[in-house]
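Heads up, the next two complexes both have chain A, just with different partners, chain B and then chain C.
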Partner chain A sequence: MPAGTLYRGREGMWSWVAHRVTGVLIFFFLFVHVLDTALVRVSPEQYDNVVATYKSPIVALLEYGLVAAILFHALNGLRVIAVDFWSKGPRYQKQMLWSVVGIWVVLMFGALYPVLGHAFREVFGS
Partner chain B sequence: MSTTDTAASGIGPVEGAGDFSAYSVDNPAPFIEAPRKRTKKTPKSTRGNFEMYGWLFMRLSGIVLVVLVLGHLLIQLVLDGGVSKIGFAFVAGRWASPWWQAWDLAMLWLAMLHGSNGLRTVINDYAERAGTRLWLKGLLYTATVFTILLGTLVIFTFDPNIR
Partner chain C sequence: MATPTLDKADAAGAPEPGFADSPYITATFRVRRFNPEISAESVWEDFQLEIDPKERVLDALHKIKWDQDGTLTFRRSCAHGICGSDAMRINGKNRLACKTLIKDLNPEKPITVEAIKGLTVLKDLVVDMDPFFQAYRDVMPFLITKETNEPTRERLQSAEDRERFDDTTKCILCAACTSSCPVFWNDGQYFGPAAIVNAHRFIFDSRDEAGEQRLEILNDKDGVWRCRTTFNCTDACPRGIEVTKAIQEVKRALITRRF
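So, the complex of A and B:
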């Protein structure tokens, strides 16, 4: 194992990896999402049929994952902009990453009930 | 000591220094132009600034998308019963307003171009053979143009009374 650098294996590298992975995932969902929405131009029944899958408990988990990916990509994207344009950005990039993670955890906790509540009620009754 | 002696002494001309009369005992280190400085004689770059504009676009569209997408998630997945209320009637209700039509149109274009440019970067990074890059990017651009046109068409031609 070669010696580490200031970058490799540290916050900067892993936030870059996570930004890339979440970005690609969101992009692939976007294709599917435009296609399913295009069904409103076919017929109301076809559209409602496909949207019904979005309401199933398993897909609700995927939606929670989508929200997780989008929130991280959005918050970390703002951090990248701050690193690029704010004169002190590079110096505080690490602190900004942990702020991103902190805000992300709070928002994900807040999204728990709105996004997964209906699936929870469906699986566990009442 | 005259300036012509400099060349005669075997030191040879200093490249790029141009005017040797600037050297003297009182001024042994005159200003020499930086080797890669852009001057009038520098040929114009034929590459343009595409990558710089791409870089800038990612940041500008990113800021706008934070507002558009998080607002979209809030309306679709959180407020008013979350995903359960979504259906044809809900879409018809929202697209009755030009505000939300414009919102969705801007979101579609910016998100597709932002994502497409991001994936272009990913392809450039990982596809090592020129042929692979060409095919992957061809596929990417085709899918991007198709999706943007389809989405735009759907927003502009939406008919709430389709039934």
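So, the complex of A and C:
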């Protein structure tokens, strides 16, 4: 069956899609995070082994992705709260979304060194 | 009167080949067709038209139906953006065919026309509107008052009180908003933006006395709380109603009980 076209929604729809996707990603992180932290009660040595694997550059990249997801979800969450509780929120939702994206870009740039600095030195030497 | 008649006479003539000033262009309309008597599957069908880009998508559909394929099925009544019959998805977005000019759609590429989403397609561009109107009826879209007003007296209202719900009086029930809502696509149980807009029109009317009742109807898991503020409804509304804003006002009225 030839599918219908994708609905061409605007900023509001795509911010909602991104909010959902980042929310699910954060849920999966929390799932893993609870598991690995719970491991310390089972075997501290195994816990150390697992956490040691997190020092690899690939995991650092994943962490950067996690920062991206959490920052967007948190900032857009503030926007959604403003849309819910501020009477002028719905009228300024697009401007608020672009502010969210702007702040997100700045913070992602700021997170580059703290999150990826170690991995960068590991891969390219210092 | 003379000028429009002249224009019309010009437009009615067939486009002359090689005539440099011809307003006509060749546009392709890609219509998503469905006929349950032929197949359970829908198909995309292309129609080529010589048409003035200043005409509307509805005119193009008329030309297809009248000149090329009489089986093409769609709803339209007034053809002037008031009756709300011809909401459809044109180039991926909900619009009224009678308010969409072809020149605003990039006619270089095929223009896609399909039925609105989330409601059962009956044939071609016609959908079953019953669930939509049922949600509308459920919010009791009529004035409810206690019998304190003398029947021969008008119900007075200040200009400010009238202004409070002015935006939501504009609704023509075309379903462009409700069928643009991702929540409604996934779960047809949601009241949908149009029903909430029409509840808003009475909840915030100072003459109406059933605001509490309407709020309770919408204080449901399939009521206003399902709204995820995607703003598709506000973008789709052919009457320019700030639909999401109205829904948010109903949500806040439920929290504060002030309306």
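Things to note:
Keep in mind that, in the parts below, the second predicted complex is superposed on the first by the 118 of 126 C-alpha atoms of A that agree within 3 Å, B and C clash if a C-alpha of one lies under 4 Å from a C-alpha of the other, contacts with A are read in each partner's own complex, and residues count from 1 in each chain.
What we mean here is this: contacts are C-beta pairs under 8 Å (C-beta built on N, C-alpha and C of every residue); 3 or more make two chains touch, one makes a residue touch a chain.
Keep in mind it's a predicted model, so treat the numbers as computed, not measured.
Residue contacts after overlaying the shared chain place A:D48 against chain B, while chain C stays out of touching range. Once chain A of one complex is fitted onto chain A of the other, the partner contacts of A:R10 are limited to chain C, with no touch recorded for chain B. Of the two partner chains placed by the overlay, neither chain B nor chain C lies in contact with A:P57. Shared-chain residue A:G23: touches chain B; no touch with chain C. Judged by the touch definition given at the top, the superposed model places A:A111 against chain B, while chain C stays out of reach. When the shared chain is aligned, chain B and chain C each come close enough to touch A:D84.
By the touch criterion defined above, A:A38 lies against chain B but remains apart from chain C after alignment on the C-alpha atoms of chain A. Judged by the number of chain A residues each one touches, B leads among chain B and chain C. In the superposition on chain A, no contact is made by A:G65 with either chain B or chain C. The contact surfaces that chain B and chain C form on chain A in the two complexes overlap at residues 80, 84-85. Residues 32, 41-44, 89, 91-93, 112, 114, 117, 180, 182, 228-232, 234-235, 242, 244-245, 248-249, 251-252 of chain C are the ones touching chain A in the complex. Contact residues on chain B toward chain A in their complex (touch as defined above): 59, 62-63, 65-66, 69-70, 73, 77-78, 81-84, 86-89, 91-92, 108, 111-112, 115-116, 118-119, 122, 143, 147, 150-151, 153-154, 157-159, 162-163.
Per the touch definition, chain A reaches chain B in the complex via residues 20, 23-24, 26-27, 30-31, 34-35, 37-38, 40-41, 43-44, 47-48, 51, 54-55, 60, 63, 67, 70-71, 74, 77-78, 80-81, 84-85, 111, 114-115, 117-118.
Interface residues of chain A facing chain C in the complex, by the touch rule stated above, are 1-2, 4-13, 15-16, 80, 83-85, 87, 89-91, 93.
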